[in-house]
Amino acid sequence: MEEVFQDIIIKHSDDYIINMGPQHPSTHGVLRFELCLLGETVKYIIPHCGYIHRGIEKMCEKNTYQQIIHLTDRFDYLSAHMNNEAVCLAVENALEVEVPERVKYIRTILAELNRIASHQLWWCAFGMDLGALTTFFYGLRDREYILDIFEESFGSRLLHSFNYPGGLMHDLHPNFQQKVKDFIKYFRKKLPEYDQLLTGNIIFQQRSIGMGYMSKEDAISYGVTGPSGRGSGFKCDVRKHHPYSAYSKVDFKEILYTEGDTFARYKARIDEMWESMNIIEQLIDNIPAGDYTAKMKPIIKLPVGDYFQRVETARGELGCYIVSDGNKNPLRVKFRTPNFSNLFIINKIASGNKIADLVAISGSLDLVIPDIDR
Amino acid sequence: MTNDQLKEKINGWISGLEFPENKQYLEIVVPAESLLKLSRLLRETPETLFDYLFCLSGVDYGKQLGVVYHLESTTHNHALVLKVKTDDRVNPNFDTVCGLWRTAEWHEREVFDLLGIKFNNHPDMRRLFLDDEWVGYPLRKDYKDDINIIER
Amino acid sequence: MDLNIYDFTSFTKWVDTALNSVMSPGWTMLVELVIVGIVFIAAYAVIGLYLVLAERKVCAIIQNRQGPNRVGPFGLFQTIADLFKLLGKELISIKNADQFLFNLAPFILIIASFMAIAALPFAKGLHAIDLNIGIFYMFAVSSLGVIGILLAGWSSNSKYSLIGAIRSGAQVVSYELSVGLALLSVVIFSGSMQLSTIVESQANGWWIIKGHIPALIAFIIFLIAGTAETNRGPFDLAEAESELTAGFHTEYSGIKFAFFFLAEYMNMFIVAAIASTVFLGGWMPFHLGGFESLNHVMDFIPPVIWFFGKTAFVIFIMMWIKWTFPRLRIDQLLKLEWKYLLPLNLMNIVLIAFIVLMGWYIK
Amino acid sequence: MNIFKYFGEVFGAIRSLWAGMRVTGYYSIRPGKVVTQQYPENRKKLVIADRFKGEVIMKHDSNNQHTCNGCGICELNCPNGSIEIISNKITNAEGKSERIIDKHIYHLSMCTFCSLCIKTCPSNSITWGQDFEHAMFDRNKLTKVLNQPGSSIRKEIKEVKETKEA
């Protein structure tokens, strides 16, 4: 077992320690990296988290299944819809409720829209981490279109608790389909601009190609999922391997890169935006008519047992593990959040690089801190 | 491998395993002392090759404390659930599996932080989210906090 | 007096004689120095403040935003309001900081940029000093600022500041070379180091046109190296807000921070002014040898406008670059200088020397 | 080092940089592409989606009547305890004792906008209001009483419900 503990950190008393965070522009929230520097080079990184731990899992134990859903918005707030979906699917599978086809289609479309919105925000923040400030505004500009669509249908832009065990809160807005089609048309024109501005840029390529190498074995062992893991060739797309909602009905590629560096993770996300648009285009015209929710009892009691639901959020695999003792409240709810696993590889892949690379690498992992702390 | 084949295979390795009913995954309840041995076999046997630990959760069942491991093989695409339980609520401890799956290191720290389950041979057994001075383990059912938890 | 906006020589002469007629030459000297000092401080403040505003507006438009638009029409008084805000802010004293150096650093930075601005020819005859080694002087003085940055980083007692300052030191020292060599190319063309002579030598066409390809290469290299020397994006490693929060001025607040801020923008102005003086003809209108009517039309526009117009153009290019590119890493920054800019520059100098020798430039 | 490769690198780099500068340059000369809105000025023409979750309100008709009978389901369903219902027991005209709502208290400061109260309301008496300007100087002002003073329960709805139950 000794050989696998190679990356265990050994501290020395004369280490030059810098605290990056909890308030730091490039940790994207209240995360603290304890860095040891050797000149510009980072010797080791110790992540410290828990600054915004809210005890959502404890709160879930006190709430009913309907009430859990709005709490799940709050961990990975950028992929709120997928988080909701995980709980809903877990509850529906436990009760063996067949949700209407319409709900499955709508959930898939919304998840993909949410994924695009999340990747847009990642793109702008990643550009900003590297010092290209203009990307931030271009990304936000295009994200606004999606948020407007969300606002019209769900009434809120970010934390839309739109899912409900058995279906949706209410039906879609009549303008929804047209607006989504308009957005796709618009965004297909704007996405090449992203490439011109950042992807092809020589400075950007120099800073990302070959930086922060993560091997496939590391990605699996550390449980790095999502585009970060797929940048290393880890086939971890839950949508493909364990299809849920309407993913089994659409034809899409699992984006895989084998380079495992910052640039591969970047490209994986950019390509995922294209792929998400393909998925939406396949579904948006075929939403079947029907009810927006299945018949559910007002008080949901899951049978005794434990239930696990895996969902692909914008950052990776989200697992919702519910242990039920037959009451209306769960006995234990555990969320396996993607960022929790993704964060801790940072010492492995970023130590030995420069401070500037650490910023780029942590940006390429697309960390959302509430998702780590829950 | 299908669940039945897996069950047959694993049952031959170690005695004392229980296979409770579970609709989703093959579920194994393993005695605490043979946890590490079984995990190592699951991880390293070429036919099983469970190389991806996708969830590690600590559960307070009321009387018992337990840890649940969700494992998947990325080559064979089969999954199983490993459960280990203890009645000892004062000083519960299990063997660490972070030598087999590196992600377990921080999941185990989280379990230690919130449920107070210690993991033997863990390289860095500190609290992850809470302060080091924090008293009690918040996710336990008998945890009392009169200020922050409002009972309804 | 006659104030001729095309030639300030007679105006400055008139001021000199008028002062000489009422007081002794020593006092005249002193009064003139005071007048020049006041004029420069006022110009410094106005140019600095409005450059900040211009940068905010330019980046806003690039980023599909409106930019400052609350204080005054189009936000014209925004930066002045900001200045008053900064004046009213508390000067936080840093524990364990080296107080003397900590307070000294912003002044070194600002004095360095003051000294550089003195030698700039704004228009014909509008010159504080016309040194016969003008370019050399500018080149020397503009690199003094790094001492201020190093002191600021060292004395702040902050690890972030120290890293920023050391980065800045390495950066400025290496890019000094490229700045010097790029300017040298025009010195070879014009045969003089005196700024007024260089400007006069462009009466029949700017050096960037007369010197065609090598001059263009020198101009681009000067722009890159000048941007790097002023610690502006994409070479803003000394500040690097996503890595070092604010680099060397992390710990500064209030008016001391404002000094750093102003000095940064003034350095940008100085680099742009040198570029426009040396490559784009300074206050010299757009002339082409042989097109008398065109030259005549161009002469109607006053030289001051030509000078500031060209400077604004160069500043716009610098802003455009800053708001497009990601930041370089420190080793890439040094690689760019030593592996690309310096060899290209040296080749360019040899080429220029050859061209001048053969007389292959447009006369 | 191959000299052609060296110059190829230089020109390739310049081309890639120029591609980026073209994008920003395109926008830098088009102030018409500005997308930001000037908020307090455009208040009058702001378009707020009609489903926008601003705050929970109770629907009142022109007679100052609502349909809330104070059943307390919203209070039960609220995950944060941001709804409190104070009801009175009165004796109605027929001599039966009846529960009517006295105060429907809503703590906006504790609300997480999950819309469970609205989804579960059996008499459909509360809904989302589109007001979004909630900034206050005093936290207590965020505690609101949803039923307007002097309002009463609408009779016909109650009768309809009663017949339904019967």
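We call the chains A, B, C and D, going by the order they appear; numbering starts again at 1 in every chain.
In the analysis below, a contact is a pair of C-beta atoms (placed from the backbone, for glycine too) under 8 Å apart; a residue touches a chain by one contact, two chains touch by 3 or more.
As the structure is a computational prediction, the values presented were derived from the model and not from experiment.
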Note to self: Between A-B and A-D, which chain pair shares more contacting C-beta pairs?
What the structure shows: A-B
Next item on the list: Could you find the chain whose CA centre sits the greatest distance from that of subunit B?
Entry: C
Margin query: For subunit A versus subunit D, what separation do you get between their C-alpha means, in angstrom?
Written below: 25
Margin query: Suppose each chain is reduced to the average of its Cα coordinates; what separation in Å results between subunit B and subunit D?
Written below: 41
Notebook entry, point to check: Approximately how many whole Å separate the CA-defined centres of subunit A and subunit C?
Noted result: 46
Item checked: For subunit C, residues contacting two or more additional chains -> 62-65, 323-325
Margin query: Two-or-more-chain contact residues of subunit A, please, as numbers and ranges.
Written below: 134, 141, 197-198, 201, 203
Notebook entry, point to check: Using the touch rule from the top of the page, what residues of subunit B touch 2 or more other chains?
Noted result: 152
Check: Can you list every touching chain pair?
Finding: A-B, A-C, A-D, C-D
Note to self: Help me check something: in the complex, which residues belonging to subunit A touch subunit C?
What the structure shows: 16, 18, 24-26, 37, 40, 127-134, 136-138, 141, 197-198, 201, 203-204, 206-207, 354-357, 359
Margin query: So in the complex, the part of subunit B that touches subunit A is made up of which residues?
Written below: 22-25, 51-62, 68, 70, 74, 77, 81, 99-103, 105-107, 110, 114, 121, 123-124, 128-130, 138-139, 149, 152
Checklist line | Complex contacts: residues of subunit D adjacent to subunit A | finding: 12-13, 16-17, 19-20, 22-24, 35, 49, 51-53, 77, 79, 112-116, 119-120, 128
Note to self: Show me the residue ranges of subunit C that touch subunit D in the complex, using the header's touch definition.
What the structure shows: 58, 61-66, 69, 320-321, 323-325, 340, 344
Next item on the list: Quick one: which bits of subunit C touch subunit A in the complex? Just the residue numbers, please.
Entry: 59, 62-65, 159-160, 163, 167, 233-234, 236-237, 240-245, 323-332
